[in-house]
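What follows is chain A paired twice: with chain B in the first complex and chain C in the second.
And now, the complex of A and B:
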C-alpha cells in the first residue's frame, strides 16, 4: 500500500544539519570516530608542513640566484660572445619573435571576437610588457631592450586591427600566418649569413625557456597531424599500411624517450655519413615530435573506437564517400572526445623538452642547475646552496605553463559542449 | 509476389533474387527473393534475430550479401564503389537510434550531404533544409543541436536529412522502437505523409496499426527467410502460415 498525498506546491527547506559550514564539517570531516582521528592527524601534518614551508620561504630562502640568472633563463647563452659575436647584439631577435607571438594573439582575439582568447591575449601581453619595468637588468637591458618589450602592446593592437579591418580576419588566415610566423622565428633566431645584424647563431647556443617553448610548439604542431594519420592508418583495411603504423606506434611507445634521444645522438651518426646535415638539436626535436605523435595517435584512435558505429553508417548511407565520412563526421567527434587526453599528452611533451640536457643542450632546467652548481665568483661557488630556490622557481614556471594549457583546454571543452550529451 | 502496386505503370524498383548473408558461421539471410515496385509501401515484421534489419541494410550495402543479386533502381549492387555510392545517393535511410551528427546543428545535419555529395550551393541547400523542416513540422529547431531535441524531434530531423538527398526509396529500420509512446505518433504521422506522396518505402516496424493503414504489403521474416508476404487485410485476417499466427498472438 502507498500513502497517497494531496498535490502540494510548498517546498520544505532541507534539514538544518545538511546546510552551512557546521553541517558540511560534520558530514565530511567528523562523521565517525575514525574520520575524526584522520582529520586531526592529517590536519596536524599539513599545518606542520605549511609552517616550515612558509618559514623557509620568508626567512631562510634567498632568490638572488634567479635575479642573477636573469635573461639567461629566457634565452640561455644565445646572446653570449661565443654564440653571437663580440657585439652581443642578438637579444633583439628573440624579442622580435615575441612580437610576432603577440601580433598573432591580437589577430586571434579579433577573430574570436572576445571571450577567453581576448583575456589570454591581453594577460600575456601585459605580463611581457611589464618585464620592461623590472628594476634590474634581464640581459644587459638597455633602453632598446625595454622598448622592444613595451612594443608588444602596439603589436597586439596591430594584430587585432589587421584581423578586424582586413581580409585576414579568419581562422584559416590566422593558422597560415601562425605557421609563417613560426618559420620566420626560426630563421630570425638561426640568422642569415651575410645579412648585417643577422649573423648565424649555432643551434648549440639556443637555450633557456626559449628552447623549451620552441621544441614544445614545434612538437605539438607537427605531432598532431602525424598522430591523426597514424591513428587512421592503424584502423586502415590495407594490411601494409596498418602494419607500418602499428610498428611505428609500438616502437615509439615501447622505448623511453630518454633512450630514444640517446639513440638519436649515438646511433644516427653511425648510420649516416659524417657530415650529415641533421644537427643534433634537430634530431632531438624530430624524436620528441615522433614520440608525441605515437601517443597522440593512440589517444585519437581511442576516440574513434568510442564513436557509435551508427555515425559512420549514417554518413555512408547518405552517400558520403569514406574520406569525407572520416573528415567531417568521425574525426571531429573523436578529437572532441579526447581533448583532455591530447592536452595531457601536450603537457607531457612540454615537460619532456627538458630532457634535451641529454644531448648537451641548456634548456631552462639544465641551465639553471648548472649555473647554481658551477657559477664561480671571486674563486667561490656562491649559489651552490641555492639549488632549492632554483628548483622551486622552475617548478612554478613549468606549473604556470602547464596549468595554462589545462585551463584553456577546459574552456575549449566547455565551449564545444563536451560531456553535455 | 503481389503485383498490386498503386502506380499505373508497374516498375520494379528493388529486385532481390536468392539473397544470402552469413555472419561468420551464422546464416542470417537464407535465400530472400522479393520485388518492390515504385511507390509501394512495404512493412517488414518478424521476431528479433529473424534477419529483417539485416535485409534492409543489404539494400544500401551497409551489409554485404554474399550470394544472390540485388538490383536497386536499375543498378546492380556489386563491389564496385561507384555503384554503391550511386545507390546510396538514391536510397534514404532512417535508423532506430537516429544517428544524427551530434557536433552539427540540425540545419547542417540536413545540408551536409546535399552540399558535399550533390555539390548543391549552400544557400540552396539551406532553403531545401528549411522546406523539409517545415514538412516534418519543426522549422523552429533549425539552429539547435540534436541533443537539445526530444527523441521524436530527432527522428523527424533524421527523416528530413534522408529526404534532402531527394531519394527515390526510403528505408526505415525500426524508426519508432527507441521512442517514448507519445512521440511515436508524431514520427508515424510524418511517415504516413511520406507514403501518401508516392515514395517507395521499406520499413521494419512493429507498429501494426500503422502497417494496417499505410502498407501495401506486409512481409514477415523468420530465421532469415520470408515466410509471409500479403496485403494487410489478408495478413491479419487470413494468414497462411502457422508461424505468422503464432507471432501475431505474441505481440498483439
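And now, the complex of A and C:
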C-alpha cells in the first residue's frame, strides 16, 4: 500500500532576469534587437545633447544679464523715475499686490483642506520669500523690499487662519474676495490722484512679468463669461442673436492676434471720439480678451454639442425653466467635459501676452530683449552676446507657468472624474 | 388689439413672461444695440478720416508702394503697385504656411509615434520635446532661433560647404534651379506634372493588382519610376529642341564686400520663422497624433499582430488609417494656427502679410488694409478647411 502524497508545489519566484532593475531594463529598453539599437543610438544622442547642454549651462553661459535686470524682469519700468517720480517709492505697490495673492492662496488652502492647493500655496510662498535672500547689494535691493517679500509667509498664514476660524472659509467667499483683491490690485498699481504714496503711474510704464500676469488674469476672468455667452448665443434659436455671435466668433478666429493688436492701435482710436479715455494697453487688453473669448466660446460649444439631449429634456420634464436648465444642467456638464481645451486656451492666452510688444509695451520678453540688444555701457553693447541666455531664461519662466497650469488642469480633471462617468 | 393681448396672456401667463415676447424683445434689443454701436464706430471713423484728410477707399492699390520688401518669392521692385506688393506678401505667407505645414506634420507624426514607443527612452525624449516646445511662447522660440542665426559669422568669414552652400549671418545660400526661358520651363513643368499624374495612375493600378492577385507589385517604386522617367525624357527632349528648361544657379561671393549672390538664399528671418513654427506646431500635432492612435481599439492591433503583420505594418495598415479619422479635424485647426502664427514674422524681420500690411498703413488707409488682410486670411482658412473636409469625407466610415 502506498500513500499518495500530494506533489509539493513550491512557488518559484520569477527568474531574476524578469524582475527588478534588470527586468525593467529588458522590458523597456532592450526587448528586441531593434529596440537595443534604438536605445543605444537615442541614448548616445540624448547623452551628447545633455553633456553639451550642461557644459554650456555651467561653463560657457553668462547669466549676469539676468542678474543685472533683476527687479526689472518682474515689474518693468514701474518704479523708474519717469513713472513714479524722483523718490522712486512705488515698489511697494506691486509687492502689496503680491501679498494679496498669497493671502488668497492661504484662504484657498484652508478651504480646500490640503492636497494640491496646499502644496501650491506653500511652494509659491516659499519661492517668493526666498527672493528676499537674493545676493544683491542693499543699495539695489533694500531692507524694505526684502521685508515685504518675507511678509508673504505671514500673509499666507493669515489667509489660512482667516478662512479656518472665521465665516469667510467657503469657496464663495474666496471667489468674491479674489475678485475684490484683483480690483484692489489694479487700483493699487494705477494709483489714486491726491492720495499721498499712491501717485498715479501711467499704464505706459507697467511692464515685466507683472504685465504678462495681469493681462493673463484679466483676460481669463473676463473672457470666460463672455465665451459662455457667445457659445450659448451661437446655439440660440433666435436668428439675430445667432448671426451676431457667429460673425463675432468667426471674425476674431479668422485673423491672427497680431493683426488684431496692431489694428487696435491704428483703427480703433479712429472709431472712438477724440479724447475718449481708452489707453493703448487697455485696447490691447480688450482685444486679447475678446480674442480668447471667441476661442473659449467654440470650446464650450463643443462641450454643449457633446452633451446628450436627454439631460436637457429630463430637466425640462422636471419643470425647470429654460435658463435654469442651461445654467444648472447643461453648462456645468459641458464645461466639465472641455476643461482640457479651456485650460489649453488659457495657456495660449498667457503665452500670447508676450505679443504686446507690438503696441510698444515692455512685457518681460520685450524688456529683456531690448535690454540685452541695446543697453549701452561705455559705448559698448555688453549683453549682446548673452541674448541666448536671456531667451533660455524666459523660456524656463514661461514653461513653469504653462506646465503648472496644465498639471493643475490634469489634477482637476481627475478630481471631477472626467471620462469616468 | 384686445385679441392680441388676450392671445399673449394665454393661460394667465402675463405678457412679460411670455416666451415669444421675451425672445423677440431680446433679438430686437441686441440687434439694435449692435447696429447702433457699429454705426457709431463707422461715423466716428468717417469723421476722423475726413478731419485728418486720410484718403479712403481702395484707390491706393494702383499707386506705387515704393517700400522695399526683405525676402520675397515673387520678383518685386519698389516701383510695383500696392496691390502687387500685397500679393507678394501674401505669397510669402502662403509659402511659409505650406512648407511649415508639411514639415510640422511629418515631424509631429514622428514625435507622436515616438511618444507611444515601447522603448522607454524614446518615449521620454518625445515627451520632453512635446512638453517643452508647446509650453514656451512661440515669440521666444522665434527670437531664440533668430539670434542664433545672427550670431553666425558675418558674410566674409561665413562657412562655405564645397563652395556650393554658404552659411553666414545673412542666411543660407544654396544652388537653386531657375527657369531659363519661360516658355521651355513652363512646357517642362507641364510635362513633369503629367509625369506625376501618370506615376499616380501607375501606383494605383499596381496597388489594385497587388490587392486582387496577391502578387507583390511594388506600387510605390513603380509610380516613382514612371514619374521620374517621364520627367527626365521630357527634360532631354526639351533641352535638345529649345535649350535646358531650368538652369541651376550657383551662389558665390561677389563684389568688394563678398556678398553672396546667385542661388537661392534663405534669409535668417525666414529660417528662424520656419524653425520656430515647425517645432512649436509639431509639438501640438504630436499630441493630436498620439490621441488619435490611442483611440484605436487594442483589439485591432492585437488582431493584426495575430495575423502576422509586423509592428510597422500594423501601424501603417491598421492603426494609422483608423486613427486618421480622429486626427484630421484637429490637425486642420493646427494648420490654420500655423498660418496665423506666421504673422509673428514681423518680430524677426521677415516680410509676411501682416508685417507688410502694417508698413502699408503708414501710407494707405488702415481700414481698407484691414479689410484686405481679413479677406486674405479668410481665403487661406477656407482653403485649408475645404481641403481638410474633402479629405475627411474620403477617409470617414461611409
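Here is the rule we use: the second predicted complex is superposed on the first by the 370 of 421 C-alpha atoms of A that agree within 3 Å, B and C clash if a C-alpha of one lies under 4 Å from a C-alpha of the other, contacts with A are read in each partner's own complex, and residues count from 1 in each chain.
What we mean here is this: a residue touches a chain if its C-beta (ideal position, glycine included) is under 8 Å from a C-beta of that chain, and two chains touch if they have at least 3 such contacts.
Because the structure is a prediction, the values reported are computed rather than measured.
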Clash-or-fit label for the pair chain B, chain C on chain A: fit
Partner contacting more residues of chain A (chain B vs chain C): C
Which of chain B and chain C A:88 touches, first, second, both or neither: neither
Partner chain in contact with A:336 - chain B first, chain C second, else both or neither: first
Which of chain B and chain C A:411 touches, first, second, both or neither: neither
Chain B versus chain C as contact partner of A:235, first or second or both or neither: neither
Touched partner set for A:395, first chain B, second chain C, both or neither: second
Contacts of A:375 with chain B and chain C, given as first, second, both or neither: neither
Touched partner set for A:357, first chain B, second chain C, both or neither: second
Which superposed partner A:29 touches (first chain B, second chain C, both, neither): second
Least C-alpha distance (whole Å) that remains between chain C and chain B when both complexes are overlaid: 7
Those residues of chain A which chain B touches in one complex and chain C touches in the other: none
Contacting residues of chain A [partner chain C, same complex]: 28-29, 31, 35, 38-39, 42-43, 46, 237-241, 244, 251, 254-259, 262-263, 266-267, 270-274, 347, 351-352, 354-355, 357-358, 365, 369, 385, 387-388, 391-392, 394-395, 398-399, 402-403, 406
Touch list for chain C against partner chain A, complex: 23, 26-28, 30-31, 34, 41-42, 44-45, 48-49, 117-122, 125, 131-132, 134-141, 143-144, 147-148, 151, 340-341, 343-344, 346-347, 354, 357-358, 361, 366-367, 370, 373-374, 377-378, 381
Interface residues, chain A side, partner chain B - complex: 308, 310-311, 313-321, 324, 328-329, 332-333, 336, 416-417, 420-421
Residues on chain B engaged by chain A in the complex (per definition of touch): 60, 62, 85, 88-89, 91-93, 95, 97, 99-103, 112-113, 116-117, 145, 147, 158, 161-162, 165
